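Below are structures written as structure tokens.
The two complexes that follow have chain A in common; it is paired with chain B in the first and with chain C in the second.
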Partner chain A sequence: MSEEKFEKARTPFFFYASVLPAVLVFTVLLLFPLAYEIYAAFVTREGTFTIENILTVIKDPLYTWSLIRMIIYIVIDISIKFGLGLITAAAFKQEFFGRGVVTALALAPWAVPLIPALFAWYMLYNPDFGVINYALKSLGLVKAPVMFLNDPNTALYWIIWAHAWRYTPMWTTMLLSGLYAIPEEYYESAKIDGATPFRTFIKITIPMLKRFLLMNAVLSLIWTSGEFASVWVMTRGGPGNSTQIVGTYAYWYLLFIGNSNVAAAALVVALPIIIVLMLIFMRLVGGRR
Partner chain B sequence: MKMVEVRLENITHIYVTGRKTQTLAVKDINLTFPHASFCALLGPSGCGKTTLMRIIAGLNIQTSGHVYFDQQEVTPLTPRERNVAMVFQFPVLYEMNVYENIAFPLRSVKVPESEVKRKVKEVAELVGVTHILNVHPSTLDMGSKQKVVLARALVREPNVFLFDEPLTNLDPLGRLEMRSKIKELQRNIKTTMIYVTHDQAEALTLADKIAVMDFGVVVQYDEPTKLYEHPKNEFVGFFLGNPGMNFIQGTLEDNAINFGEFKYDVSDVVEKLKEYGTEFKIGIRAEYIKVSKKPFKGAFKAKCIVSEHLGTSTLLDLKAGDKEFKAKLRITDVKEGDEVYVQFPKEKVHIFNKAGELII
Partner chain C sequence: MAQDKERKLLKPETAARIILYAYIIFYMFLMLFPIYWMFTGAFKEDIDIFNPAVIIPTKITFKYFLPPTFDPIYWRWIGNSFIVSTLSTLVVTLVAVPAGYALSRARGIFFSSTSKILVFTYTFPSTFLLVGFAKILAALGLLNSYAGLIMVYVPLNVPYVTYLVLSYMFAIPTDLDEAMLIDGYSRLDILLKIVIPLSFPIIITGILWTFMWTWNELLYALVIVNQKELLTMPVGLNTLQGGEISPWGQVFALSFLYTIPPMLIFYALRKYYVTGLMKGAIKAA
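For the complex of A and B:
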């Protein structure tokens, strides 16, 4: 476009026309569903204003437990992803034989389609013909098969592990780029100052990764709070509701009880809790910011 | 604080990168840096000066050769055990406040907290950062940052202070400031200091002795004035000084070196010169050349091609025949295109052979 044409086109109309597609997408995909959901939580099926839905949800002990489990899920999940992600990132930063292949393998969990991956873990956990139990029995480590997903006390944690396993590579790549951003001179300076590798890692490397950690943690928080697939695929919320989290609770209420307003309420009540958690994270990790 | 003599004996270092790619960084270096002296490693990029510094620090272990601090061989010792301090090209400050940054080296070796507090306060006062001890370094300006870096280096009372081109990333004003800070430090603290730089002006101002390096070898190791006035070869002569020494090639004929349009009398040394053949280069620094608009005894004609005004002095590009050289004058009204009269004072001329090595 020639200079003159460009200058002439710089009108308010042109500006609005250019951003319109982005605004449309944003509104339709994000704002609209959110607004509608909040609306749905506060009305009856007929459309009259009510807080009944909210009350039903708050009074239901199953829901309270779902909330608690959601928080447990988020905390353990992020801890695993952070810990494993950091260790693998630090390991991959060095040169070693077969590095390319190992990196590809380590990133594979993320690349695999979600439902098949979750289903695969479901199969692995199976007490009768799952590979894990088979291996444990063959090695003589257990006599009876381990009830991974069938034990109400442990099921949630095995689900969390499968989920964390799948998303750790995202943390690994993010942290790896964060590690590369740290100039060698910092490690040299620490060496000259007499710090052990461990001390260097804790006092120098990790603080310098703060920005990356915070970004990842907040993203993880938002995505995991609405977690649904991992629980639904592996246990449907069982055994005996011991793995119900907010996402599955809402779905179950929608599909089996048929009340979409209560389902919306379930999600809306969880919203402020997520926001509070996010603020806590930002305080903990961000510090000055 | 101990003042240590650093001695390098037959240091050779080869870098091995990737699969079997070998690069010779320094070859057979023998240097002694005296107690409490300020010595510079000067040379162009890639000459091996940073490698040498890292070997002294203990960050790289030399392929062969020995490093001694006083009489002790320090090759098996870690950087911390050698007790060296290093200042890098940019201020390396950890993600913690200034106090903790300075305390870091002491805490890393389990110095008791009461000791730590005392030492940090002492050094903070010395360097002038007491008022910002609780501040996070990211909010500080470049000058303050470097001060904190110095404080952290000093708090350990190092044997040797190493500087890796610390002024390179500063703007000219910052550079002057830091340079005087370092000079001040040099006066107040009697520690052996080794300074790596590619800036010859920096080295000439700061150092007691300079090791000029090129392609992994030490070309000449001497005091600044001796290097400046009596360079061993063309490389040293040209590298030092702003502008570098002029080198003009000519042929020995009868009792003079002939440059085409002019001659330089060498009757007093002609016998010695004959041993080296017939092709020679003379070296003379720009500021020693005599230039005048009027003819005088012993002068030859030249034309001014470029005249650069540098504030207190003027740099002239002069040409006589096909020989070009630069002259630096205090005050002059010589303009481009003028014809001038030039003479090389005998006491300031050095004669080099064709390869650029000093003869006289």
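For the complex of A and C:
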């Protein structure tokens, strides 16, 4: 009894002391920059209140397009990772020759740092000496070279592909471990009942993995919304600003135009979209308790 | 007759096998060819780099790894990346592991709300703090310093790693803790002697996650550092490639040196890393 009391009085101190550094890190070092950024979005260079920065951003068609492209980016990106990942996970779940080596090698893009991976695709896409154009021409599929990153109508999609390519192995692995988490008996009884593979997939796989898939998809949407590197490395936002997204727009305002207040506004205006996605994620997480 | 006809037709199982193998070959080609191209680019003569017909290089050169083509400043960039990534990873681990333990064990409103805030902070995309961080670092005079980079990298990684550790330690039964408390061990002893050894896989996962994240980071590094001697590899590579004429041989050689260390670590610790992340993903759902 007395020991229990002692225990109650003593343990909290250790727990508080253990959590304190982490709490300081994510209040002081994360909330403070966020607060400061929101403040910066609503003041002039001299520090007086203004909504001019917000208006500048909202009235700029380039910004509106950057925001739309950010949404296009995250939606297509997740669709590729999810679609390709699911087909591959279904294939990798089968028995086949060399399975151990193949599944290990298939992780390689995930282990390659992002920037070199983007360089590789940049070279493959090149209209003059890229291998893809060389292959297409050799096979007689195209007469004029495909412009890939040099065509303002398609550049964004080829950037998204290079980005999705790097993260597909992670999604494949995630979906594969999701598939393994479903008890085998479910599939067996479906087979006995004469269900087609497609029907099994719709009726068993999808419902069983629903929350798991939704959570990871929403998390991917949130994390990819701040994408910057893929666009910056491959096109610098070009050609003709056709690949600017919110991340590159803010960076460009901050470093090249040198107006940090408008840069802050560009990020703050997009925040509501991110917050909504985060709330959806919180609901999905909270749903299990 | 009917039997003959059936024999000629492909059995459904055989057809499925053919489709399976065809798909796997296609997929592996898609995943590995760009990496092959990047690696071979580091050893091709200049003229072959720009000739797509040279799929398998016949003439191999090491000149991009040797002076004068290889600028000694590249070693500084690699060193900078190593220092920044290692220090950030160390601090993140030292902060996240005890916090994860406390949050997995302690009860009460303070700890439960901290866990909630934790989920909120780890989902937040780092790009959206760019201007706030940049202004604060400028005001503190921390631009162009390792400290500036680490001061950004640590808070951006602590929440997720703490969350990973927390959810892993949550699954370790508290009976062990209680038995040791009765034997007179302190909470610190329990953490160091029991919980940390048992949580080894997830701690490895957290270390690798942070190391890879910081090793790859471009945006903040571009904003914080512009002195040539202080660049990390992502920025260095980016400036090298972004010039008037890109020296692709050097870009690929440097990419090769930059890719090998994380790739080796990734494959050496793959079992821990992959299962650690997947356990986190599944447990959350």
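The criterion applied here is as follows: the second predicted complex is superposed on the first by the 259 of 289 C-alpha atoms of A that agree within 3 Å, B and C clash if a C-alpha of one lies under 4 Å from a C-alpha of the other, contacts with A are read in each partner's own complex, and residues count from 1 in each chain.
As a working rule, a residue touches a chain if its C-beta (ideal position, glycine included) is under 8 Å from a C-beta of that chain, and two chains touch if they have at least 3 such contacts.
Since we're looking at a predicted model, the values are computed, not measured.
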item	value
Simultaneous placement of chain C and chain B on chain A, clash or fit	fit
Geometry of the superposed three-chain model: angle at chain A (Cα centres of chain B and chain C, steps of 10 degrees)	80
First (chain B), second (chain C), both or neither touched by A:I58	neither
Chain B versus chain C as contact partner of A:I115, first or second or both or neither	second
Greater chain A contact set [chain C / chain B]	C
First, second, both or neither for A:P207, with chain B first and chain C second	first
First, second, both or neither for A:V43, with chain B first and chain C second	neither
First, second, both or neither for A:F15, with chain B first and chain C second	second
Touching partner for A:V75 - first (chain B), second (chain C), both, neither	neither
Touched partner set for A:S189, first chain B, second chain C, both or neither	first
Distance in angstrom between the closest Cα atoms of chain C and chain B, superposition on A	14
Footprint overlap on chain A, where chain B in one structure and chain C in the other make contact	288
Chain C partner contacts - residues on chain A that touch it in the complex	3, 7, 11-12, 14-19, 21-23, 25-26, 29-30, 32-38, 40-41, 84, 87-88, 91, 94, 96, 102, 104-117, 119-121, 123-124, 128-131, 133-135, 165, 168-170, 173-174, 177-178, 181, 211-212, 215-216, 219, 222-229, 232-233, 236, 246-247, 250-251, 254-255, 260, 263-264, 267, 270-271, 274, 278, 281-282, 284-285, 288
Residue numbers on chain C that touch chain A, as the complex places them	20-21, 23-24, 27-28, 30-35, 37-38, 41, 49-53, 55, 94-96, 98-99, 101-103, 105-106, 108, 110-111, 114, 116-121, 123-136, 151, 154-156, 158-159, 162, 181-182, 186-188, 191, 212, 215-216, 218-219, 222-223, 233-234, 237-238, 241-242, 248, 251-252, 255-256, 258-259, 262-263, 266-267, 270, 274, 277-278, 281-282, 284-285
Chain A to chain B touching residues, read off their complex	183, 185-186, 188-196, 199, 203-204, 207-208, 210, 288
Residue numbers on chain B that touch chain A, as the complex places them	57, 59, 78-80, 84-86, 88-90, 92, 94-96, 104-105, 108-109, 136, 152, 156
